[in-house]
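Two complexes, one shared chain (chain A), two partners (chain B, chain C).
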Partner chain A sequence: MAFTVTSSVDGTVAKLTLAGRLDANTAREFQVEIEKVAEQRPCTVALFVHELEYMASAGIRMLVFTKQKLGSETDVYVVGAQHQIIHTLEMTGVDKSVILVDEFEPAASIQG
Partner chain B sequence: MNMRTLIVPSDLSSLDLVADLVLEEAREAGLDQRETYQLRLAVDEILTNIINYGYLANGLSGQIHVHAERYDESLVITLEDTSPPYDPCQRDTARVAEDFDKPLEERQIGGLGIYFALQAVSEFRYEYRDGRNRNIFIMRRSRLTSSTTSDQQDVVHS
Partner chain C sequence: MQTLMLQRVDAYATRTIAGMSVRAGRVFPFGATLVAGGVNFSVFSRHATACTLVLYEKGAAEPFAELPFPDEFRVGDVYAMTVFELDHENLEYGYRMDGPNDPSEGHRFDPSVVLMDPYARQIGGREVWGQTPDWDQAYQHRSQVLQDDFDWEHDRPLELAAEDLVIYEAHVRSFTQHPSSNVRHPGTFAGLREKIPYLKSLGINCLELMPIFEFDEFENSSANPANGQLRYNYWGYSTVGFFAPKAGYAATGPLGMQADELKTLIKDLHRNGIEVMLDVVFNHTAEGDHRGPTISFRGLDNKTYYMLTPEGYYYNFSGCGNTLNCNNPIVRQVVLDCLRYWVSEYHIDGFRFDLAAILGRDPSGVPLANPPLLESLAHDPVLGRTKLVAEAWDAGGLYQVGSFPAYGRWAEWNGKYRDTARKFLKGDMGQVSEMSLRLQGSPDLYYGRGTAASINFLTCHDGFTLRDLVSYNEKHNEANGESNRDGANDNESWNCGAEGATDDRLVESLRLRQMKNAATLLMVSQGIPMILMGDEVGRTKQGNNNTYCHDNELNWFNWWQVEENAELQRFFQKIIAFRHAHPVLRSRDHLRHADWVGSGVPDISWHGTRAWEPDWSALSRVVGLLLGGHHAKGGTVADDDVYVASNMHFEALEFELPRPAEGRQWHVAVNTGVPAPGDAHPCGEEPMLEQQDRCLVGGRSVVVLVGR
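Right, the complex of A and B next:
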């Protein structure tokens, strides 16, 4: 399945939907989309990854890039990740810096 | 033993071709979902390094041979390339892992791929022989469901 990424910004919440294979060949597309939403300085970024079948280290680097681009005060949600992707995030301690959820509800989530 | 070989060019568009081979062979070999994902991850990461740092960074291009060998209890994937010798095991992955306790905004970017590769499979070996790097990934399966045949198939992409 080819990689696709789409984005929208609603107020202070940026939503990106990722599908397919996120690897070294496709990570640049993700980076371009992050740079696009970063211009609107969102407080929250939600990555919808229900249809993301694979994430290589290039994907981890993009999560690092996202945090470094937007700053530590920006919350990054990873929504609907499949088990193996969660395992990859846990292996690298990334799960401690992003918020893993099954469903994203901005108001409730931001309140914590 | 069942063996199949795929030959791909040294550019990143080959990642999908090789992933498809690994996924297909893993299914035939009876690897479970976790074993399949981990093997695919390991091969993908080393292949990415070969293409980016072995070939592209050195202004080189070439062909990478991917061998898949199915045995009674394991699937072995071997990547053979002619870029300059590089042993991934020489990478200090302990230093990479030290970063895992840091917040993302304080991390260095790099070294993760080899860390994944070495962690993901049952066994990883590196050899340099006859002018070729050989990165060998062995995934032993936890359940024995696959048949063993002795046909051979070569596929070339250029």
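Right, the complex of A and C next:
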């Protein structure tokens, strides 16, 4: 399955939906989308990754990039990550930089 | 206001070589570095006549491009080229070097061999530990490009006071590979990270990792004639790449994320107050002697990187085939660059240098009075607060314990502490006088350098574990397949009455007591104590004192023993906590044997079975040590008085006690002569001694009192 990324910004919440394979060849598409979203200075970013089949190291680097691009005050949620991806994030410490959740509720998240 | 950013004018290719867009590169830094639009490659060779950059897709047998360096891409002895539009995540690279192949002149150039970059920050080819390599692959250890972009948050090296450290020496794979470890990724950095709570509960605050630079576990691997199992280069004291973490130690090695996994481990250790010290091996490389594989240095510039005999063979001061030419300015720079890199990029707190005496030899092997490398390391700005520890001897007979060129910075593994403490522990005669020196931080060896110059230890990866030290008179290395010829013979061990495993309860009881005695002596000694992984739970290597090649239970930490030997483990926890609680045990400077704060008790004084009358005679096996708490940390902090009575005689003896400072009374902190829980009391809960002027100390026992 080819990699796709779409985004929308609603107030201070940005949502990106990722699907397919995120690797060195497709990471640049993700980066462009993040840079586009960052211009609107969101407080919360939710990455919906239910349909993301595979994340190579380049993809993990992009999560780090996302956090650093948006700043430490911006919460980055990774929503619906598959087991293998969660494992990889944990082993490399990226799980400390983002918030791993199964479901995303923007209002509660922003308050919390 | 929007600022218009001009793109760099050197971010464009100037020509095409082998179909790749390139331009002359930047000579610094050496290695492969990500730059705008491409990767900059830079490599040194003084004696090469030509250099070719070889590019592979990850894991590919054949390169997809070979790019000879044009003459104008060489500056001095450095070949540098920037290659654009590379998929660096899927890239491996190496070099072919042409030049004279004349071993008698020291040159061994061979352009048919693809060479690993000595500055490679990530290395492929051994991503999964123990997975048999594809031996048909010509390029075995494959340079990769690393993006150093880890999110460290606010982490930095901890810079704990050296005298406050309690070091724990561990092997990454051995720590969690045993099935009992119950971690998700056994034998890896990630697995070790899961065990941080254990280390914290034990009380250590410095984790010293046996080599984690990329090495080849298959180096000189062979079937063991004793049992048919494969013998590995298991410990890893043979470096392949000095800038790259061992990929096979990372669960994420196959993803190429070993650097992130290791950094995550270090960040979490720091978060838990634990420093990280690396055991580094600069004395030799994995290329061995003239019969060994050509991996990198030999083919890049043999004459520069190695110490060579006049005939062009390799000096072997390491006992491993070759010797790095560390006091050559080029090699010295490699070492400096390497250590700076690990401190700045991996936040490493300290280094222990394997066979460090070699680093003080000149290119012909003669010991230097003022070795440039050691001086450079001591005064380096990036390493300014990094702990530097020398194993102050080498395999060529140079023994510098107490005389290692220190420049006010270097500490040493104190081999004399180990030998003396072992002899004293087993009741050898004539040891009391020297043991008193070791207990006070070995001023005979390190006066003027402070107590922290002495890394005190009884056991380390080389030799017996603590359990084996009290269980075997002789080494039992048959499992190594060398007919028990390998390994040291002078172990200063005592089996307590039976050789090896026994169901004799008296013998077992004595062994347990001796292990507690050892832990107590270590923790009350001035200097920096070091514990070997697993000693706190009675880890045995079945009497094998040289388990360098075993990927099995002989090396692995058996976590079931935490429960099985809970009494010993709890004793270690308490005695380590005791050390942390009492700054009087952790003086920075050597003690003066005087009451220079007017407390009525000297900073340190010696006693025998009669107070103030130490028995230094050859027949003596007892020593009493009193530390005046008012002198703690140079008199800057308040502490209890601490009295230690060591009786290594086989019979119980009554010790007349010196008085503690005015208004204080003796309380029993430790008594190894009684079973748990009376063997060690939590700090602040020590029962008061019934008779304040005397104390019965059991045979082969140590009593520690606190005066408060």
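Keep in mind that, in the parts below, the second predicted complex is superposed on the first by the 112 of 112 C-alpha atoms of A that agree within 3 Å, B and C clash if a C-alpha of one lies under 4 Å from a C-alpha of the other, contacts with A are read in each partner's own complex, and residues count from 1 in each chain.
Following the convention adopted for this analysis, a residue touches a chain if its C-beta (ideal position, glycine included) is under 8 Å from a C-beta of that chain, and two chains touch if they have at least 3 such contacts.
As the structure is a prediction and not an experimental result, all values here were calculated from the model.
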| item | value |
| --- | --- |
| Joint occupancy of chain A by chain B and chain C, clash or fit | clash |
| First (chain B), second (chain C), both or neither touched by A:Val9 | neither |
| Broader residue contact with chain A after superposition on the shared chain, chain B or chain C | B |
| Chain B versus chain C as contact partner of A:Thr88, first or second or both or neither | both |
| Chain B versus chain C as contact partner of A:Leu100, first or second or both or neither | neither |
| Partner chain in contact with A:Asn25 - chain B first, chain C second, else both or neither | both |
| Partner chain in contact with A:Arg61 - chain B first, chain C second, else both or neither | both |
| Chain B versus chain C as contact partner of A:Gly71, first or second or both or neither | first |
| Partner chain(s) touched by A:Cys43 [first = chain B, second = chain C, both, neither] | neither |
| Selected from 5-13, 41-49 or 59-67: the stretch of chain C that, after superposition, runs into chain B | 59-67 |
| Shared contact residues on chain A - chain B and chain C | 23-25, 56-58, 60-61, 64-65, 67-68, 87-88, 91-94, 96-97 |
| Chain A contact footprint on chain C (complex, rising order) | 87-90, 147, 149-151, 153, 184-185, 190, 250-252, 255-257, 260-261, 263-264, 267-268 |
| Residues on chain B engaged by chain A in the complex (per definition of touch) | 12-13, 15-16, 19, 33-34, 37-38, 40-41, 44-45, 48, 51-52, 99-105, 107, 109, 112-113, 115-116, 119 |
| Complex interface listing, chain A residues touching chain B | 21, 23-25, 54, 56-58, 60-61, 63-68, 71-72, 84, 87-88, 91-94, 96-98 |
| Residues on chain A engaged by chain C in the complex (per definition of touch) | 23-25, 56-58, 60-61, 64-65, 67-68, 87-88, 90-94, 96-97 |
